[in-house]
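Look at the two complexes coming up: chain A is in both, with chain B in one and chain C in the other.
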Partner chain A sequence: MERVMQTETKIRAESGIESGPRGPGCSLRNFACEQNLLSRPDGSASFLQGDTSVLAGVYGPAEVKVSKEIFNKATLEVTLRPKIGLPGVAEKSRERLIRNTCEAVVLGALHPRTSITVVLQVVSDAGSLLACCLNAACMALVDAGVPMRALFCGVTCALDSDGTLLLDPTAKQEKEARAVLTFALDSVERKLLMSTTKGLYSDAELQQCLAAAQAASQHVFRFYRESLQRRYSKS
Partner chain B sequence: MAEAAALVAESLAGYRARAARAVLEQVVLPGEELLLPGQEDGEGPGSAGERPLRLNAGARSGGRVVCGPGLRRCGDRLLVTKCGRLRHKEPGSGNGGGVYWVDSQQKRYVPVKGDHVIGIVTAKSGDIFKVDVGGSEPASLSYLSFEGATKRNRPNVQVGDLIYGQFVVANKDMEPEMVCIDSCGRANGMGVIGQDGLLFKVTLGLIRRLLAPDCEILQEVGKLYPLEIVFGMNGRIWVKAKTIQQTLILANILEACEHMTADQRKQIFSRLAES
Partner chain C sequence: MKETPLSNCERRFLLRAIEEKKRLDGRQTYDYRNIKISFGTDYGCCIVELGKTRVLGQVSCELVSPKLNRATEGILFFNLELSQMAAPAFEPGRQSDLLVKLNRLLERCLRNSKCIDTESLCVVAGEKVWQIRVDLHLLNHDGNIIDAASIAAIVALCHFRRPDVSVQGDEVTLYTLEERDPVPLSIHHMPICVSFAFFQQGTYLLVDPNEREERVMDGLLVIAMNKHREICTIQSSGGIMLLKDQVLRCSKIAGVKVAEITELIQKALANDQKVRKEGGKFGFAESIANQRITAFRMEKAPIDTSDVEEKAEEIISEAEPPSEVVSKPVLWTPGTAQIGEGIENSWGDLEDSEKEAEDEGGSDEAIILDSIKMDTGEVSNIGSQDAPIVLSDSEEEEMIILEPDKNPKKIRTQTVSATQVKAPSKKPVKKRKKKRAAN
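Let's look at the complex of A and B:
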C-alpha cells in the first residue's frame, strides 16, 4: 500500500518578508501503511515514511491494576522502544508527548477503569521519528476499534540556516537544521493537538511552519482514508 | 499552482458534515459528522440563525433515530467514533427512523447487555463464579442462575469449565453480570458446555457474519460433518465433531473464513467432501 507524494515546492521565508510562491510546499516522502499485521494485540499498524518505519500495537480496553485505574476514564499508557539499546530519557519524553496527543482524541469516558496500552517499536529511524510514531499510533488505535473523536497525524518541519522550510526532513537534514518542529494535528479542523520544538526560530517562522504542517496534514489524512477504504473494500 | 491553491482552500475550510443517507455502505472515519434526514435542507455556513420557524418543531420527517455502535450523538448530529461501513436498518413497524450503526472489524469484546457469550470460569468465591469473557473485567455469575438450581441443589461447575450465558448487567460503570437462564427461568441452551470439543477465538465481525440469517458458510459446514457448535458474541466459538481430526478441520475452516472469498471457500469444501 504505497502512496507517492513528491511535489517539491520549498517555501522561502526570510524574516518578516515573504517572497516567492506562497502555498503548501508538499515535500513529504513516500508513505506506506499496513494494518492488522500482528496476531496478539487487539490492533496493530506499521507506518513507513521514506526510510523511517515504526510498528505500533494497541491492547485495549483491557484490565488495569487498581493502583493505576481512573474512576471515570480509561488509563492510556504508551511505551516506545528504540531500535537498539534500552529506552532512555528521550523515549520517556516522546512517550509523554504521544500519550498527551492520544488522550486528547480517544474517548476514554466510554471505558472507565480500563487501560488502553500503545506499544511502539522503532524499526528504522531516518528522520521525523516522532511524526511517524504518531501516525503509526493513530492507525493502530483505529485498527483496534478504540472510540476516537477524530484522527490525528504528526508532521515535522525543519528550518535550516537560511530560513528554508523543509517538511518531513531526513536525519541528515534534521542534524543540519537550525530548528526542528513537530506538530500533531487533528483531522476535523486541523487544530493543533501537540507541538514540540527544538532550536532557534522566530514567531513568524513558527506560524509559517504551522501553516505548512496543516497543509501537509491534508495529504496524510487523505492517505489514511484511502488505506482504510482499501482495507474495508476486501470484505 | 491552481492545485496548490485549491489544497490550501480545502485545508483551511474545515470539515463539513455530510448527510447520513448519502454515506450509507461507505467507509466512514472517526471524527466525521453525519446529518440526519430532516436536517439536510437549510444546512450551510450562512444559514445559522435564519432557519424559518416551524409550528410543529417537534415532529421530524424521520421520527426517532437509534444511534448504534460506532456512533454518538453530538448536538443534533451523529459523530462517527469508529472506522467502518455505515449501515442503516429501516424500522419494522413504521415507528421511528430506524437504526444507524458502523460495521467495524474488531478483536476486543466490550460487554453488552443481552449478548450471549462463552466464558471460562476462573474462580469460585462463595456464592458467585468469576467468568472470563474477554472484556476488561471478569463477569460474575451467581450459582442460582442455572436452571433448577436451589440453595441445596448446587450446579456442578468447576474452575476451567466453559459456560454459555447472557449478560443481564453490562455497562461501563458496573462489573458485568451474566446468567444461564432466560427470563422465564428455563436454560434455553445456556449453561455449562459439555466435555471435549475445541474453543477458539475469531474476530467479532466474523461471528456477526456467521450468525446472520441465511449464512452460507454455516450451511456448507453443516453438510460436511455432523457437528455441535456454539457461537459466543465475544469472538469465541466452541466446536465438537465425532473425531479430533474433524474438529480441527472445522476449526481451521472457520478461522480461515475471515480472509477467504466465496470461491476459495467452495473449493476447499469440495476438496474436503471428496476425501
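Let's look at the complex of A and C:
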C-alpha cells in the first residue's frame, strides 16, 4: 500500500518577502512529519522543523489510576524527556504548557474516568523546541484518534536586538535574541491557546509577533491538512 | 497502565509453533530482524531499529575532575531509559527490575570490556578528564531491548566527536567546533550483545526474540562478543539449566551474527561520514522514507509579515485600557505590611486565645474597609465597632445565622471597582463575632 508520491509543496507568499519592513524575510524551516511510526503506542508522530526533531507517542483513552481519576472527563498527562540527562524543572514547565494547550482542545468529556498520556522525546534540539513539541503532540493525538475540537500548532518568534522579527528561530538565533515568544494557536479561528515568552519586549511588539505567528500558523495547518490528505488518499 | 496479560491460547500457540520450528514473523531460528541505523545532525546521535524495537542513543562529553583512585582515566557513564511510550506498562516508577538488569548488562558489556580507551580521555592528570555520557532511550518495545541498546550505544560512541583540547604546560585550551575539527573517541573494539531465548527447559532456542516470544520464554542467554570472537560478557537469566555444548553452540552462532552486525555498522558509519564530507544533507530528516504515505515533507516556507505592524497597531488602538488595580498596603509595624485580605476563617470553633486574636484582627479589618468606602450599610455598623470588643465566653458568639441564599464564605478584596461583592443584606453573616451589635 505504499505509493510513490513525490509531493513537494512549495508555498510562496504573494508579494516580495525580501522587501518586508520587518527584516529580511521570515520563513519557516523545512517541515517533515511521519505518523504511526511506533507499533506500541496508540498514536505516534515524529515532527521535524529544520534540525529540531521531536517524537511523540500517545496512549489513550486508557485505564487511569483511581487517585488521578476525574469523574467527568479524561485525565491528560504529558511527559517530556530530554535527550541528555534527567528531566528537570524546564521540562516540567514545558510539560505543563503543553498539557494546558491539549486540555483546551481535547474533548475529554467524551471519555470520562480515562487517561490520555502524551509522551514526548526530544530527538534533536536546534531551536523552537516547544513549538516542535506542540506540533508533534497534535499530530500524535490525531494519529491516535483522540477526539479534539480543533487542531493546534506551535510557532516561535524571536526578536533580536534591533527589533527584527524572526519566525522559527534556530538555536543560534534564539541565543542572540532579545526576546523569544512561543504561541500555541488553534486551527478554527487561529485564536491563542497558550503563550510563553522570555525576554524584554513592548506590547506593540507582542501584538506584532502574535500577528506574525497567526500568519505562520496558516502554513502549519496547511501542512497538517496536506499530510493527512496524503495519508488517507486513495490515489 | 497495567500490562495486558497474555492469554493461554496465545501462549500455547506460540509454544507449539516454536516446537515446529515456526516463528510468527516467518523468520528462521537463527535469523535476526532487519537492522536500520540512522544518524542525526549532531555527532553522537543515532537511532537504531531492530525490527520494530527502536532505540535512540546520544553521546555527550564534559570536562570534570577524575575519580580519586583513577586519576589518569576518563569517566564513562551509561544510562538506558525505558521511555513511557515504548510500552504501556513502562510507567516512571514501575520498571525498576528490568531497568536495573538492562543497565547493568550494558555497563558490563561496554565498560568492563574496555572497548573505549579511557587513558586517552585524560587531559590533565589528576585535574581534568573527559566524562563521556551515553544516554539511550527505548522508544518502542518489540522485544530484545538489550541487543538494540548495545548496537545503539556502540554506534553512537563510534559516531561521536569530542572537542579538541591542547595542553601547553599549565594552560589547557579547549577549541570550539568552529576553531578545530572535533576528534573521534579511541575505540578498540565493538562489543555487541546477542540474545538467545530458550523454551521448554532449554530444548528449543531462538535468536533475537520479539516481544511475544519473550513473554513465553523460559530463560534468556545474552552473549556480548566482538568481531574478533572475544566474549565480553555472558549472562544467563531465568533459571534455565543449559548444557556446556549448548552454550558453546550459542557462542558460535553469536560469533557469526556479530560479524554480520559489525559489518552493517561500519557500512552505516562510513556512509554517514561520506555524506558529511561531501556536504550533502544528513540528519533524521533525510532518513524519513519519502515513499511512505504516512510521511510528508514541506520545503522552506516564507511567511509574509509585511502587514504585522498595521495589524498590531489596530489591535492596540482598539483594546480597552487596562483596569486600574489599586492596592493599598497597610503597614502594621515596620517590616510588616498587608495587601488585601484573605478568605474568611472557616475553622469553626476556636480556642479562647485564638478568638481574642481574631477579634483584634477583625477590628483592624474594620478600619481598612472604612478607608475604601464600601458602600454598604455596614459602614455605619463598623463605625460603631471601633469601641473595644466585649469578649464573652458565651457560645452564642459562634452562631452564624445563615440565610439559605447567602454565601457565608466570601473573599474580601480591595479592588475599587464598581462591583459590589457585599450586598447590604449580607450584613447578618458578615462579622459573626459582632453579631450582637448587628442584630
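In this section, the second predicted complex is superposed on the first by the 207 of 235 C-alpha atoms of A that agree within 3 Å, B and C clash if a C-alpha of one lies under 4 Å from a C-alpha of the other, contacts with A are read in each partner's own complex, and residues count from 1 in each chain.
Here, contacts are C-beta pairs under 8 Å (C-beta built on N, C-alpha and C of every residue); 3 or more make two chains touch, one makes a residue touch a chain.
Treat the numbers as computed from the prediction; the structure is a model and nothing was measured.
After overlaying the two complexes on the shared chain, residue contacts for A:P147 are found with chain B alone; chain C is out of touch. In the overlay built on the shared chain, the residue A:Q208 is in contact with chain C alone; chain B does not reach it.
By the document's definition of touching, of the two partners only chain C reaches A:S124; chain B does not. Of the two partner chains placed by superposition, only chain C is touched by A:S27; chain B is not. Residue contacts after overlaying the shared chain place A:L37 against chain C, while chain B stays out of touching range.
Of the two partner chains placed by the overlay, neither chain B nor chain C lies in contact with A:K92.
When the two complexes are overlaid, the chain among chain B and chain C that reaches more residues of chain A is C. Once chain A of one complex is fitted onto chain A of the other, the partner contacts of A:E63 extend to both chain B and chain C. Looking at the shared chain after the overlay, A:K198 reaches neither chain B nor chain C. Put simply, chain A uses residues 7, 9, 21, 26, 36, 62-63, 115, 215, 233 to touch chain B in one complex and chain C in the other.
Touching chain B in their complex are the following residues of chain A: 7, 9, 21, 23-24, 26, 36, 42-43, 60-64, 107, 110-115, 142, 144-145, 147-151, 186-190, 214-215, 217-218, 224-225, 228-229, 232-233, 235. Within the complex formed with chain A, the chain B residues making contact are 1, 4-5, 7-8, 10-12, 14-15, 27, 29-31, 70, 72, 79, 81-85, 104-108, 110, 135-137, 172-173, 205. Interface residues of chain C, counted against chain A in their complex, comprise 1-2, 40-42, 45, 47, 52, 54, 56, 58, 60, 81, 83-88, 92, 133, 135, 137, 139-142, 283-285, 288, 290-309, 311-313, 315-316. Interface of chain A with chain C (complex): residues 1-15, 17, 19-22, 25-41, 44, 46, 48, 50-51, 53, 55-57, 59, 62-63, 79, 81, 83-85, 115, 117, 119, 121, 123-124, 126, 165, 167, 203-205, 207-212, 215-216, 219, 223, 226-227, 230-231, 233.
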